[in-house]
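Input: a single structure, listed below in structure tokens.
Each chain carries a letter (A, B, C, D, E and F) given by its place in the written order, and its residues are counted from 1.
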Amino acid sequence: MAETTLGQRMAAGEALLTAWSSIPEPLTTEAVARLGFDAVTLDMQHGGHSEESVLRAVPAVRMGGPHPIVRIPVGRFDMASRALDFGAECVIAPMVNTIEDARRFAAAMKYPPLGERSWGATIAMLRSGAADDGQGWLQTQNTRTLALAMIETREALAIADDILAVDGIDGVFVGPSDFSIAWTRGARIDPSLEDMMEAIALIAAKATAAGKHAAIYMVDPALVGRCYAMGYRLFALGSEYG
Amino acid sequence: MAETTLGQRMAAGEALLTAWSSIPEPLTTEAVARLGFDAVTLDMQHGGHSEESVLRAVPAVRMGGPHPIVRIPVGRFDMASRALDFGAECVIAPMVNTIEDARRFAAAMKYPPLGERSWGATIAMLRSGAADDGQGWLQTQNTRTLALAMIETREALAIADDILAVDGIDGVFVGPSDFSIAWTRGARIDPSLEDMMEAIALIAAKATAAGKHAAIYMVDPALVGRCYAMGYRLFALGSEYG
Amino acid sequence: MAETTLGQRMAAGEALLTAWSSIPEPLTTEAVARLGFDAVTLDMQHGGHSEESVLRAVPAVRMGGPHPIVRIPVGRFDMASRALDFGAECVIAPMVNTIEDARRFAAAMKYPPLGERSWGATIAMLRSGAADDGQGWLQTQNTRTLALAMIETREALAIADDILAVDGIDGVFVGPSDFSIAWTRGARIDPSLEDMMEAIALIAAKATAAGKHAAIYMVDPALVGRCYAMGYRLFALGSEYG
Amino acid sequence: MAETTLGQRMAAGEALLTAWSSIPEPLTTEAVARLGFDAVTLDMQHGGHSEESVLRAVPAVRMGGPHPIVRIPVGRFDMASRALDFGAECVIAPMVNTIEDARRFAAAMKYPPLGERSWGATIAMLRSGAADDGQGWLQTQNTRTLALAMIETREALAIADDILAVDGIDGVFVGPSDFSIAWTRGARIDPSLEDMMEAIALIAAKATAAGKHAAIYMVDPALVGRCYAMGYRLFALGSEYG
Amino acid sequence: MAETTLGQRMAAGEALLTAWSSIPEPLTTEAVARLGFDAVTLDMQHGGHSEESVLRAVPAVRMGGPHPIVRIPVGRFDMASRALDFGAECVIAPMVNTIEDARRFAAAMKYPPLGERSWGATIAMLRSGAADDGQGWLQTQNTRTLALAMIETREALAIADDILAVDGIDGVFVGPSDFSIAWTRGARIDPSLEDMMEAIALIAAKATAAGKHAAIYMVDPALVGRCYAMGYRLFALGSEYG
Amino acid sequence: MAETTLGQRMAAGEALLTAWSSIPEPLTTEAVARLGFDAVTLDMQHGGHSEESVLRAVPAVRMGGPHPIVRIPVGRFDMASRALDFGAECVIAPMVNTIEDARRFAAAMKYPPLGERSWGATIAMLRSGAADDGQGWLQTQNTRTLALAMIETREALAIADDILAVDGIDGVFVGPSDFSIAWTRGARIDPSLEDMMEAIALIAAKATAAGKHAAIYMVDPALVGRCYAMGYRLFALGSEYG
């Protein structure tokens, strides 16, 4: 794992870019990982990634340098643990719409006493060159890994402070496409919808106030500067598909 | 996607046959898709299909003409959304035994405000030739896709009207094998059990009364005519296995 | 399936060893299955196994003689049914920490009226040479398959009697690594921790008292004799990794 | 490997049927292998089988009982050795049109001094339960494996005696579709062409005279009896496709 | 297969563009196939494509409309036949440096009496909707498929007229990268090398004179017009990698 | 690629050990690559590796540090080029029994004017971080890559000097199992056969005299010292299978 964690870099104020990988093919991931992005996100929610492809693609990301991130399908917290066990550094959980969702996500991501993550990261430890230091792994992983909860509905916005208050949730990740559908009550899909920008700024402000991270999917790269000013530090920028 | 949807064809009174695919191999699916069936169902509950094979098999179905259907594992509503995102037109959810099951299934299948399906059907849009019209996709998918809830226990039968009343549930799919086990309280497996035929007729009647679709798995093709008369319009007919 | 079931062998007092498979490659499983172990466990929780690899690896295990076991990811009871449908004889569910977990696990593992397992084991029946006897399969599988609930937290220990009392739960499987983390409230990972041995003995005693099976993961083979004396009959011994 | 070899059974006068497998999916092979055929042929020339799928499908054949056969692509004698190394018992080489072809095929199939097969059948020995007896393997494999050269052109017919005289060639396998094209000089495809039946009978007669085996692909099962009378003992009967 | 063949379109004077696919992942091919190219070439020589990936990627190309082309590895004429059997319309053979190479390539590509292609295109016929018309397939394929021999060395240039004279060779495909290395006797890699342009024009002139097709790999799109004027009609334009 | 090449290390007198990989699963390769071996050899001749698995396993080797080596199947020189294009540093060709074999192998391994390797190492260049320097790649690869010809028959021994004299052949690799069969004219398989040790010493002496490398497969690790004294510098030591 990179000496400096993704969380440390976000906390230091860096503007970090993550590529978005939808193609479940490690050769593609390998190529994407060498394009200069700070991170690569393997998307299991809407992309073609599966349990198997994440297992194969994580080393393809790490080889090239970027931080490996996995977005799990809705509610699949079993996969959050497994993504970490395969060597991911950060997991993004979509549609965290209730406190219960946030708690279950945190539980899957963090070892006790903070959470309920189960011991068995043999593969991740091998991939990190830490195969022989279980005790060190136990003591450091809760701070080295990142649990980002997606805020992308009105419900989630309404309880964003509570989500951010959950121990083990390290930050929020805004999904502006879904948020625009929610904001317009199903009428429009527009990830750059001006109307909702105030709400999006509010989410970052809440994260900052809670001492946690804010990240966002960017369809229009021109908005990166504006969102950085709001407090966002990690930006997802398009997929291999275009 | 076919101009005419599966739902429109059922509503028009057609007797539609779906092949049942258990082999997670796109070459097999490709061959099955050219046999003349109206639809091909990729079975993830009892068959060998997985996240990965569904991703690969959906285009193999569409290429040949039939409507692509996916049966998800019990309770895996995350996979209902993903099946649609991979280009399936219809999803069958097994063992919908509670109203809560029906609501969660509908939520995963339909975009807001009807449900909570998340935006990101890049792959499905590509496969439908609709890659550039997000707004059109948002406005049409809820009516073009089909959510069929399996009725295959006494519990489900007892609340069939309530399941059918859930917004976003487009119809029911009867599983006569499981139903026969339920009907005989575990004593017999017999998908053609005469005893339960009245109940099976009742389910179709309830669906018709609710203005929704009725479908059924047929082990004995001789029963198709009888079930059509009951109101069933989509019939699953055996698998590659025999 | 072996004439004598894994459960019958445990009940007869045999000390059974299971290899632990993390590599999702049937050729590796095939080799492991010929090493002389009584069983091979395909690990989907922390290992690299997926839906797809379990489908391919189960015959590789059976070919060599051992009993095929699958450990599912946390809470993935849909996969418990599917593992059986693919021909596994025993399923281990990790982190069974509530009565509700135990009930859902049992429901997925057993046909009605004991549970809610859905009919459709075409692949398993093919693999068992029982393709033509559905009625026989229905009547025998509930006693031929094994549902082992993992006890690996303080919560689970506290309700072990209740878990063991759930109809359809055939026994417990102790995870001493997680248990050591729980026991030390997150301070240490030590699967041979002397401190917790009394608790571990207690779990076996409870299983024996309930007329059910006790199994355990062994990191230190030297402890096998001691655990056998406690009542454990199935011992997992290391993985291909180390 | 079956106690009695395929060659011994042919020599004993049995009429043996081989299924023809084109689908590179072990689950399909597994099902085909349980249908009661004496052998299953994995087709790499015209079917979808590849190096990888042969590796996975051979155990699926053996598990079910039949003799595993591989048809290699034209001239790919490297793959003849590898098919044996993966556990095939018999290899069919298509388009053996010159003595040189026959010699190269025999060389790849037989250990010295008969041929030039290279040592390294670790996988096949594992699959045969012969992992510990290298010396025994070396001394028995040349007689336990079968090299069948396809006769399917006028050139091959003209030198059939010479092909059959090559040490290490165990018999011939007639391809009547290609033979009909050759016979009609490209005008017709008709594997049951009456015109060529005399030639086909002649091939079997030559094989019998040479003390070697004769096999044939059958599109019309009604011809099996007639071909058996000619001296053919192994009959390929259709594929999963048709 | 498209009503109008690739060869007919080249003969009609169209300037055709082929995408170049190196990633052995059908989802990527599917996306590439919808970008508007006239053809997609699956590269087995330098790209990541294998027997297996070609089998899966050909339908992904056809689905989107383009003509499917396969470049085989050097000298792998067995794969030329198999590419056609999987549904490719055109095969490019690299490094055709001798008349013998050209003859073997033509033999693998064309049915008798023109060549020695073996009968068994079940998969291709299925994919072309021609499953039931073997006789029609036999009579039309030799003119509907294209064998393009790569001219990319001084040796090949020297015998280009002889290569073009081989019956069954439908045209030439120039590899300017290799040609530049040859031209500079190993000193430079420069696919746009001005020095060699006269030779490249000569190759097209020879093809035109022979009544056959000329195609070329283009690293610099600016050269397309100039090469079209020379007589080239099919242009390969970059890969997913670059 | 490692700064120091495998060839440079052998020339410097190091005793280098290569692991031998037969399992076509990148996760296994990844684990093997971290065991401390100097190199990992992916075996396509007798092991389970295929075109596809080599593509996936090479980065798994490089990630861990060792030099990636591929052993190709007999006579598959197309695959020698492709192994290099996938990022292998060294290729071992089995059964190089004629000067023609040696010349074809060298031709596939080296760019002109030394050989006939074709340009297109996009994947290897990406994997080496050399994606933008084609000219540098062209000028350095012939000395950075290693072509090792296997000497494992009496014929090969008889012409070892001629094989070693072929430009582009960088050394020899002795296969003592096949050599023992050859030495005993098919009577025995014994890779430690004392009788042949003089011949084995002679091969190393010839290589040293020619200024080229000598490598050998070791079944008995106790012989490493003795072989090092003969001049061998690279030693293959057992496979994952045992």
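Keep this in mind: a contact is a pair of C-beta atoms (placed from the backbone, for glycine too) under 8 Å apart; a residue touches a chain by one contact, two chains touch by 3 or more.
Since we're looking at a predicted model, the values are computed, not measured.
Chains that count as touching both chain E and chain F, per the definition above, are A, D. The equivalent interface to D-F, defined as the listed pair sharing over half of its contact pairs by residue number with it, is E-F out of E-F, C-F or C-D.
In terms of the distance between Cα centroids, chain A is separated most widely from D. For the self-contact between chain C and chain D, the two sides draw on mostly identical residue numbers; the shared fraction is above half. Computed from the mean C-alpha positions, the centre of chain A lies at a distance of 44 Å from the centre of chain E. Chain C and chain E have Cα centroids separated by 54 Å. In chain F, the residues that reach two or more other chains under the touch definition are 24, 27, 31, 48, 50-52, 55, 123, 126, 241. Across the assembly, chains come into contact as A-B, A-C, A-E, A-F, B-C, B-D, B-E, C-D, C-F, D-E, D-F, E-F. Of all residues in chain B, only 50-52, 55, 77-79, 81-82, 85-86, 108, 111-114, 116, 118-123, 126, 134-135, 137-138 touch chain A in the complex they form.
Residues 22, 24, 45-48, 50-53, 73-76, 94-95, 97, 152-153, 175, 177-178, 181-182, 185-186, 188-189, 239, 241-242 of chain E are the ones touching chain F in the complex. On the chain C side of its complex with chain D, the touching residues are 26-27, 30-31, 34, 55-56, 59-60, 62-63, 123, 126-127, 129, 131. Residues 23-25, 27-28, 31, 48, 240-241 of chain E are the ones that touch chain A when the two sit in their complex.
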